[in-house]
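Shared chain: subunit A. Partners: subunit B in the first complex, subunit C in the second.
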Partner chain A sequence: MGLTLTHVSFTYQGTASKAIDDVSLDLQPGRFYGVVGATGAGKSTLCHIFSGLIPHFLKGSLDGEVALDGQPTSAIPIDEIATRVGYVFQNPFDQLSHITYRVDDEVAFGLQNFGLPRDEIVARVTHALEVLRLADLRDRYPFHLSGGQLQRLAVASVLAMSPDIVVMDEPTSQLDPQGTREVFQAVADLRASGVTVVLVEHKVDLLAAHVDELIALGDGRVVCQGSPRAVFASPVFGDLGVNRPQMAELALQLGFAGEAEALPLSPTELMKHYGFEALHAD
Partner chain B sequence: MTVSGTSGTLFQAGASFVHAAHPTTKLLYAVVTIACSLVVTRLPFLAALALSVCVVLYLAGVWRAFLRATARYLVLLTFFLLVIQGLFREGPSAVLLQIGPASLKTAGVLFAASMVLRIFTMVGAFLVVVLTTHPADLVQAIEQAGASPRVGYLLLATLQLSPEMVERARRIIDAQRSRGLRTDGSLVMRFRGLVPLVGPLFYGSLMSVEAKAMALTARGFFTQRRKTWVRTLAHQPWEPAARIALGAVFVGVVVLRVLGWA
Partner chain C sequence: MPIEVRQVSYAYASGVRALADVSLRIGDGERVAFVGQNGSGKTTLVKQFNGLLRPTSGSVWLGGADIATQRISDLARQVGFAFQNPDDQIFRNSVESEVAFGPFNLGLRGASLQAAVDEALGALELARWRDEHPYTLSYAARKLVCIAGVAAMQTPVLVLDEPTTGQDRLGVERIEHLLAARSERGTTVLVVTHDMAFVARNFDRVIVMSAAQIHADGAPSEVFWRDEVLSGAGLEPPPVVRLSQRLGGPRFWTVSGAASALQPRLPDRTSKSTLSEEAGT
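Showing the complex of A and B:
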């Protein structure tokens, strides 16, 4: 399933400036996209557009075309979009239903709303809990989970819906390193199951290591897009107010002048690039 | 899937016949009992109602939980009602107890007693439902009876939001303390410490409402499709008779009240 944006602009009701300005994107099935940008660059708005919350929930002026499998999202009911595009919110407290008392009931919440057969709900819940390594916690009270577990539960509740695309808006922003690793592992599991993933994230080192393609936003526009190395090597990236991965930044500070695709993103790559591989081996 | 998660609720798991009853039957019991307590005015009838609630709480095995949840409030309420009504209720009445210039009047004490019994009955009947029914089952029953899912959501979310509110309040207090706010000491100091909490807590909660509404939308909560329930709520064989009996009791109480006997 593909999701395409063609010259899309959006202005929130009651505001004058465009949150998203003339954005064109083509999300290919099964790929992992990272989205970076400074605060106010339009990342969350882009997520809302991907998930159909714009224009179905959040009101404003939407120009251009957003199409899910060639069909404009404005013409698809939001509950149908919800079965095809999953959305993981920044804060799991916002994502979770607040009306369930068990982890497995929370995962089943959306499936029950959509009226799936009972057996299928049970099967999907079991699968989602296993994939997200929450099976042992299935009878726990959701709000007794740790931050990382809670965010994994949010991902599981989306995964259970079997969406083709999962959009995640800074899911690790409130997590410690352990929680962050858990969520990135969950994302890797999603990707392994063939789901298209769009991940908005500030932790560029982790993004660089995982995504197929990076989309850099600035003032509501796509400033650069491509492989992580190409985006981080781009001269315009430095003006976005977003950090590069530490090793990429170090290489550029040291005067890196090679092909963009050779930009080091890890210590090993950096040492190899500067000929310290033998030293490292010693 | 079975319901066993009880954190964040008053629900007490158990195997009594009250626990086994369908939530709507228990709701009917609570409604009838509360209605009866409002209809009757005579003290013996109010006492009988309160006693019947005690019996149900005992048979359900949640008597201790009921006391833990309500005892301190009921004792305080009883004390204040007795003092205020006993000392200050207007009208001629025999003096029950004279303490210096203060006269504890019989009419006031009887009125306070009827108020206490009525409140006890209402709280007790409501808690029979809450203590013996898992909230998820209660809401499922309400929705299956035809109520809007939004009603069920409001009911459960009101109970469930507390963990988030507590966590949010804790973060705000920690932030305020780190900037020198004192939240310990005398009652006045503690009260002052709460003032800076109210604004951020209220505003922050309002801000999260939109995000929650978006999440519910994205999870199909507002869809018009027919919902599936993973759990099944069973009716016990004796419940139809119990419902009829409850209806008969209510009609009987109304008749007695009209005749001036209750």
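Showing the complex of A and C:
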């Protein structure tokens, strides 16, 4: 299953400027895509287009073609798109149903709406709780969880739906480093199982370490796209108002002028590139 | 305004013990970052400073007075608090009236109210959105609106809970400028954050919380090198600190610090280019 955008533009109802401006993308099955860009660059709008919320729910004018497995998303009912494209909202409060009293019921909520058999629901909920390390909290009231636990719950409830594509809008924004690593690990597991992942994230050091491809947005357009090294080394990246990973930034401040694919992204790579000797092994 | 925490313990109604016998002194005008895992007690601790939470045992002293004897409304004049989730805070229907709410309640009126609002909107570059409904803005912008609303109260102590989440580089820079400007005026600036690079660039003192207690308290140049404390608290220092540790020699904890320290060690200094100016921070 692939998702393709061909010359897509979108303007929200009641606004004058295009939130997304002539974007063409071809998301290949099973790849992990990172999306970066400044506030207002169009990251969330792009996620809404991927997930079918545009044009089915959010109003505005959509030009160009968005196709899910060759079929225009405008012609697929939103409830069917939802079975194929999972969407993790930026704020878990927007994601959760607000009508369940237990963590496991919350994860089951979407599945019940699809009318799946009970055994299937139980199996999927158990698996999702395990992957997101929520099994011990399964009987807790969702809104008594910490911010980080809530974000993991939001990811679990999408994972349980077994979508082919998962779109995540800053799912780790309120997580501590350990919680963030857990979500990235869960995302890596998803991707290893063949799921296509699109992740909007400001934590560029983690993106650099995990994604296959980065899509950098500026003013609603794709400004550069490619391997993390190619994108971070791109001269146009500096104007986007987005951080580079610290080691890439440091290399550029030290006058890095090599091929993009040699741009250091870790301390080890930086030391090797400049021939710095370690005092002791890491 | 100095803050003193004397043997404070705090337990939530659920029975969860969030602070266990914590003592701490923060001097007038200090800049302090509280770091630690979700659930380590950071937010619970800073909520003691303005009476949002009252200690189960122990006491909190603000400017030499025990806050147990003070009303929330008096504490609000002294300690401004921006919540982690902007949607817990925002309730007005325009950015300007949201930002004006705090200072209005402190008694500001007319030109002085307008001046406080304009200054806060200006500092965070929100002036062009003053008439917008906050919920038409992005999460990151709503978060800046919240910070502006608290900054406009011009309290001697400013507390920000996770200010940089969801911010792009420019958003973080605006927050950094605000904190620097307030610091210069003598404001005590406290943040709770997971963003270690932000801590490294802006704070002289880092307090590491873990399991309801303080496990380290010192300068970044000291705390970031205490591996056992950081890993015990589930934290990682910024990558540039890892580099510094592996290289030995003078310590650096920011990218600009690293660049200055490493520039003389470059094997071929003729390879320097103008990219370094462009790259910023």
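Here is the rule we go by: the second predicted complex is superposed on the first by the 276 of 282 C-alpha atoms of A that agree within 3 Å, B and C clash if a C-alpha of one lies under 4 Å from a C-alpha of the other, contacts with A are read in each partner's own complex, and residues count from 1 in each chain.
In this section, a residue touches a chain if its C-beta (ideal position, glycine included) is under 8 Å from a C-beta of that chain, and two chains touch if they have at least 3 such contacts.
Nothing here was measured: the structure is a model prediction, and the numbers come from that model.
Overlay on subunit A: subunit B and subunit C clash in the combined arrangement.
Using the contact criterion defined above for the overlaid structures, shared-chain residue A:100 touches subunit B, although it does not reach subunit C. In the superposition on chain A, A:144 makes contact with both subunit B and subunit C.
Of the two partner chains placed by the overlay, only subunit B lies in contact with A:51; subunit C stays clear of it.
In the superposed pair of complexes, A:91 makes contact with subunit B and with subunit C alike.
Contacts of A:133 after superposition: neither subunit B nor subunit C is touched.
By the touch criterion defined above, A:246 reaches subunit C but does not reach subunit B.
In the superposed pair of complexes, A:78 makes contact with subunit B only, with no contact to subunit C. Once the two complexes are laid over each other on the shared chain, residue contacts for A:178 go to subunit C alone; subunit B is not touched. Overlap of the subunit B and subunit C interfaces on subunit A comprises residues 91, 93, 144. By the touch criterion stated above, subunit C contacts subunit A in their complex at residues 14, 36-39, 84-85, 87, 138-141, 162, 165-171, 194, 197, 234-236, 238-240, 242-243, 246-249, 255-256, 258-259, 262-263, 265-267, 271-273, 275-276, 278-281.
Every residue of subunit A that touches subunit C in the complex is listed here, in rising order: 37-40, 44, 90-91, 93, 144, 146-149, 170, 173-180, 202, 205, 238, 241-247, 249-250, 252-257, 266-267, 270-271, 274-280, 282. The residues of subunit B lying in touch with subunit A in their complex are 1, 3-9, 134-136, 139, 152-153, 156-157, 160-161, 163-164, 167, 208, 211-230. Listed in rising order, the residues of subunit A touching subunit B in the complex are 48, 51, 53, 56-58, 78-79, 82-83, 86-87, 89, 91, 93-102, 104-105, 108-118, 121-122, 125, 139-141, 143-144, 157, 161.
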